[in-house]
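Chain naming follows the written order as A, B, C and D, and within any one chain the residues start at number 1.
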C-alpha cells in the first residue's frame, strides 16, 4: 500500500482528492494537514465522507509527511515550494496541484504569481504532469507539477494537430468556459451564488495566469513558438470545463477525425467522440476523462475542437491521482473508474 | 455472478441503475429492453457510460428476460404488472421501481393510478422494499415493490418514533422538497429548465400519489391508523430530496437523539447526524445514504426531523440495488460504496 | 419631489432599492453613502444602472442626509440605530431595512443581535412597516422598521386567521424556504455558488432571529400569546421566498378561501389566488406582491397556506418603497408597478 | 394609442412581449390569439400579469387582427408568412419575431427552414429590424423581420469594424453562448432542467439556422462577401446571451475603443463599456441593451469583442417593441426603460 499525505485539503481540489483517495484500493491515507482545521475530523468538514474516513486534519508536520511515499499539495500557489526541498530530501515524492512548478522560466512565474520562488533549483527537474505527453518522465519524477484545468482541456484539444504540424501556429484561439469551483472555496464576492447564477461573463481577457503555462507547453509540443488567444469565461455551474478551440489548417485532405482517434487510441482518459458529436460537460462530471469532438465546418480552413473535462477531476485531483498511479507503477486507472454522475 | 436484466431504462431511474450496475462487482448485465431505443448502444444515450458498457437496448423479449436471475423494471407505472406473472413463473425475481406493487388495496391503487391492475393476485406477496423495515422478507421475496422517493425519506424520519409509540399520530406533517429529476425524463412544460430554475413552488397539495403509500406504510409501522399532512415542493436542483417532518410528543423526558441513534446503529445506509446538524442534500448526491437530524425546538412538544436522500439513489435505483443485494445474499453495500459528489 | 437618501446601499437590498428608486416618478435620489465605495459611481458597482443614474457613493455625511425628506438605511444590523437620533431631530424620516427597530423588547433584541442598542428611547415610537396591518401608523411615523422577509411572508399567511381567531394558537408551523440573496452580499463560504447550487438544507432550526420578531407580531395580531415552530431552509435560487404555513382549526364550516379574499380585497400587494392554485416564487420575481393560496387537505382540521414573495422586494426594498409612498401620501403603488420577470 | 395585436403569444417571446406591452404607455393591447389557449385569460397562463392584464386568448381571427395598427407574430417559424398578405392588405403593419422574412434568398430560406415559403413576393419589401442599421427603413416598413438573438449580439459586435473595413473578412469567429429560453417553451428532452443544469455544451457546430442570416447581414454591412465560423453553446441559465467575437486586423494604430464609442454614441440601446470591462449577461436581464467591450490582447492582430444581450429582450421581444416605437414615431425607448434585475 502506498502511504499518502495531503498538505492543505480544505479547498475544492482537496475535497475532490479525498473523495477519490478514500476508495482507492492501493493506497492508505496517512496524514492530511491544515492549519485552519487542525484537530477537526475530515468527515465533519465534508459530510459526504462520513462513512469513508476517520482521518483528522493535523497541524503541518514535516516528520509525519516524511513518513509518506507521496505527498499531494492541494494548497494555494506558493505553499508547495516551501515544503518541496524537505520532502524530496526525505525521499518523498511530491505532486503539486498548484502552479509552483509548472512554469520553467522563473522570471515569468514570478511576474504572474507575484512572489519570489522559494526553490528555483528544483523547478528544472519538476515534470509537467500531463500523462498523455510526459508519461515516462512522470514515472521517475520526484516532483510532478499537476497541470492547470484550462491547460489540460486545451492541450488535449491541440496535441494531435501540433505534433503533426498541420495547423497555422499563429491562428490558435481557445475560448474556454469554466464552472465556478475552479475559483476555489475562497470567499470572494464574485463566487457568490447570487453573483454567478443566471449570469455568464468572460474574465481575464487582458491576461490570465494559464496563458504563459499554455504557451510554454504548446511551444514544447509544437517544437516552435506558439502564441495563442485565450479567453476564459465563467459559467453558472459548479463543475465542468468546455474549451472550444479554433485553429486554421490549409491541409485540405486531412482527416482530422482519424488523426485524433489514432493519437488517443491507447489513452484511457481521452475519448474521441464519433464525428458529429457534441461533448457535454456533465458526461464527465466526477470522472477523469477528457472527451473531444473535432469539426471542420463547411470543409474550410477552420478547424474547431470541442474539449470537455471536469475541472476538479481531469483538471486537478483526478489527474493528480492518475499521476500518482503512474509514479508508483499502479494501474493508471486505479481508483478512477467511476462513471460520471448523469443526470 | 448474478444475471441481471432491466426493462425500460431510458428514464432517469434507469440511467442511475445503469451507473450503479456497470461497476457492481457481483453481477453481470445481460439485457436491457426499450421499445423506443432498441438497437441503440446504451453508451450512446448515456455518454457517461462510454467506457463502462457495451450493452445495446433490445426490443422487449420475455425469453431473454427469463434467462436472468433478477429483473429491474424501471418503467412508468403500469408496465411491470404486465410482465410480473411471466417473470415469476420463469423463476425470475422482480424489483419494480414504479408503483405497481406498492399499495396493497387494489381499489386504492386503481383510484390513484387510474388503471386496472393487471395481476392483483400477485400484489399480496409483493414485499415493500424498505430494507430498514422488511429486510428479512426482502431476502425471500419474488417481487419487491421498491418504495417511492418521498415515502423513503419520510418513513425513515418517522420510524423510530412510530415504533416506540411516542408521538401523537394525528400530528404528523411532512413538508417535502424534491429536485426535478423526480419528475422523470418525460417532456413536460413544468420540467423545462426555464420553468424550474430560479423558482420554488408546492404542488399536489390537494392530493399526491405518495400519500396513500405513506399512510399504508406508516399505519403498518405504528400498528394504528396514521393520517398525515403531506405537502411536496419542487426545488430548482436536479437531484436531492429534503423532508422536514413535524410531529408532537408529550413525552417530555424523551431523548430522541439517542432513540434515533439506537434504532439505526446497525443500518449501513441510515446516518443519524450529531445533535445540532443540518443535513444537506448534496452530502448524499449519488450516494445511497439517508441522513437524519432530530430537533425539539425550545424543548417543547414539537419534534422536527430533517431527512435527506438522493431521490434517484436511496429514493429509487440505489435502494433497488440494495434490495437486490439482500435478495441474493450479497454484501448489502456491494456496488453502493461511493462517496457523494461534493461540491 | 421627495428628496431621498440611502445609507449603505452596497448590499443586495441597497441594489434593489436603487433599481426601484431610479425609476420612481415622485422622488429624487439626493445622496447614497458608503464608506467602502465612496467616490465610486453607483453604475460602476451596478452596471444595470448605467443609463439610469449618475449618482456617486459618498462618505457618510449627516449634513447631506439632513437635507433629505426620508432616508433608507440599507446597512447591516446595528448601523441605523447610530444615525436615528440625528436624523429624526433634523426632521428626516427614517426607514430601516435592518432589524434595529423591529423588536420592542430591548433585552430580547440585544440577546438575538448580540449588541447594545444605541437608542432604546426611539424604539417605542418606531412603527413596524407592514402596511397591511399598520398603514395608518406608517403614514405618521418618524421611524419605520421595515419587516424581515420571513416575517412578511408568514404574517400575511396568518393574518386573516389570527384576526378572526379561528385557529389553534399552539398549532402554528412555518416551514419557509428562501433564495440565497437573503443572506446578503457578504462573503461567507455558505453563500458560494459551489456550496449552494444543487443543494437544499434547513438552517437555524435551533433558533433564528426572525422567530422573536414573528412571535411579537403574531401575538399583537392575535391579541394572545403566539409561539410558533419556524424552520427556515436555503434554496438554490437567487430570489424568492416560499412559506408553507400550517395551523389547525376546528371550525369545520369555515370558508377560508372567502376569508382570505375578503381580508385582502383592498390590498394592492396581496393577491389571493383562486382555490387549487400553487403560487410560484417566480411569479413575483422583481415584483412587490405577496401571492397566497389556501388549502384544507381532505377537509380536515389542518389548514395549509402557501405564501410567496420576492425576498428582496416585498421582503425588503419594495416594501420599504411602499412604506415611503404611504408616509408621503403618494400613490401606494408608485414606482412598484412592474410585472415579475417570467421566465 | 396604437392598437396592438399578437398572434401566438404562448411561448417565451410572447410572454416577454406581454410583460413589456402591458406597461407601455402609448399602446393598447387589443387582441392576442392562440389556438391552444383560446378563451383562457392571459394572466392564468402567466400569473405575473395578474394585476396587469384582463386580456383573454382568442381563436385566430383576421377580422379582429385587421382592426389593429400593428400585429406582432410571436409564433414558430412558418406561421407569420401565412397571415402576412391579409394583414398588409388590411393596412396592418407586421412585426415577425420568427424567421419568415429574415432571409432574402428564398431558396436558402427554404433549405434551412424545410418548408415552402407562403408569400415570397413580400420578402423583398420586408425590412430587417436591427434599428442600429435600418432605422429609417423600419420607420416606413409594412413588414419588419425581427432579427434572431445570435445575429443581434454578433452584428452589434462587428458593425463598427465592418463598416470601417478594418478587419480581415476571412478571420471572423463568433463563439456564442445562450441561455435555454432561446430554445423556447416547446417540450424537448434537451430543454429539461435535469438535462441543462450543471451542464455546458456546444450544439449545431455543423450548421445552425442563424448562420445564413448572419452571413447575409454581415455581407450587406461590409459590402463584400462575409463567411464566418459560428459556434453556438447552451449555458445553464434561463436568459442571457454572450457572444465572444474574434477578428484579425492589421491596422496596428487603430483605436478600436474610440471607434466603437463613436459609432454607438447616439444609440440608446447599445452601451460600449469602458476599456478593460467584462460585460455580464445579468447586467441586461430583462433590459433591452446590448453591452459591448472590446479588446486587443497583447496589442496584436487579434481583436476580441464581448457582446451581451438578454436573448428575450434585445434578442427578441424588446427589439420588436423598439421597432414598433420607430414605426409609429414614438420615443424609441418608450416602454423599454427598466433597469435589469440584478442580482
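By our rule, a contact is a pair of C-beta atoms (placed from the backbone, for glycine too) under 8 Å apart; a residue touches a chain by one contact, two chains touch by 3 or more.
Predicted model only: the values in this text are computed from it and were never measured.
Enquirer: Using the stated contact rule, I'd like to know whether B-C or C-D comes out ahead in C-beta pair count.
Expert: B-C
Enquirer: Name whichever of A-B, A-C or A-D reuses the B-D interface, so over half of the contact pairs are the same residue numbers.
Expert: A-C
Enquirer: Quick check: how many Å separate the C-alpha centres of chain B and chain C?
Expert: 39
Enquirer: Based only on mean CA positions, could you tell me how far chain C sits from chain D in angstrom?
Expert: Each chain's C-alpha centroid was found; their separation is 37 Å.
Enquirer: Give the residues of chain A that touch two or more other chains, as numbers and ranges in rising order.
Expert: Each of 12, 179, 181, 194-195, 197-198, 236-239, 279-280, 282, 285, 343 in chain A touches at least two other chains.
Enquirer: For the complex, which residues does chain B have touching chain C?
Expert: 173, 175, 177, 179, 194-195, 197-203, 205-207, 227, 229, 231, 233, 235-240, 242, 244, 246, 276, 278-282, 285, 293, 295, 297-298, 300, 302, 304, 306, 308, 343
Enquirer: Flag every residue of chain D that touches chain C in the complex, lowest number first.
Expert: Within the complex, chain D contacts chain C at residues 12, 15, 19, 22-23, 46-52, 181, 197-198, 238-239, 268, 271, 273, 279-280, 282-287, 289, 291, 337-343.
Enquirer: Which residues of chain B touch chain D once you look at their complex with the stated criterion?
Expert: 12, 179-181, 185, 187-189, 191-198, 236-238
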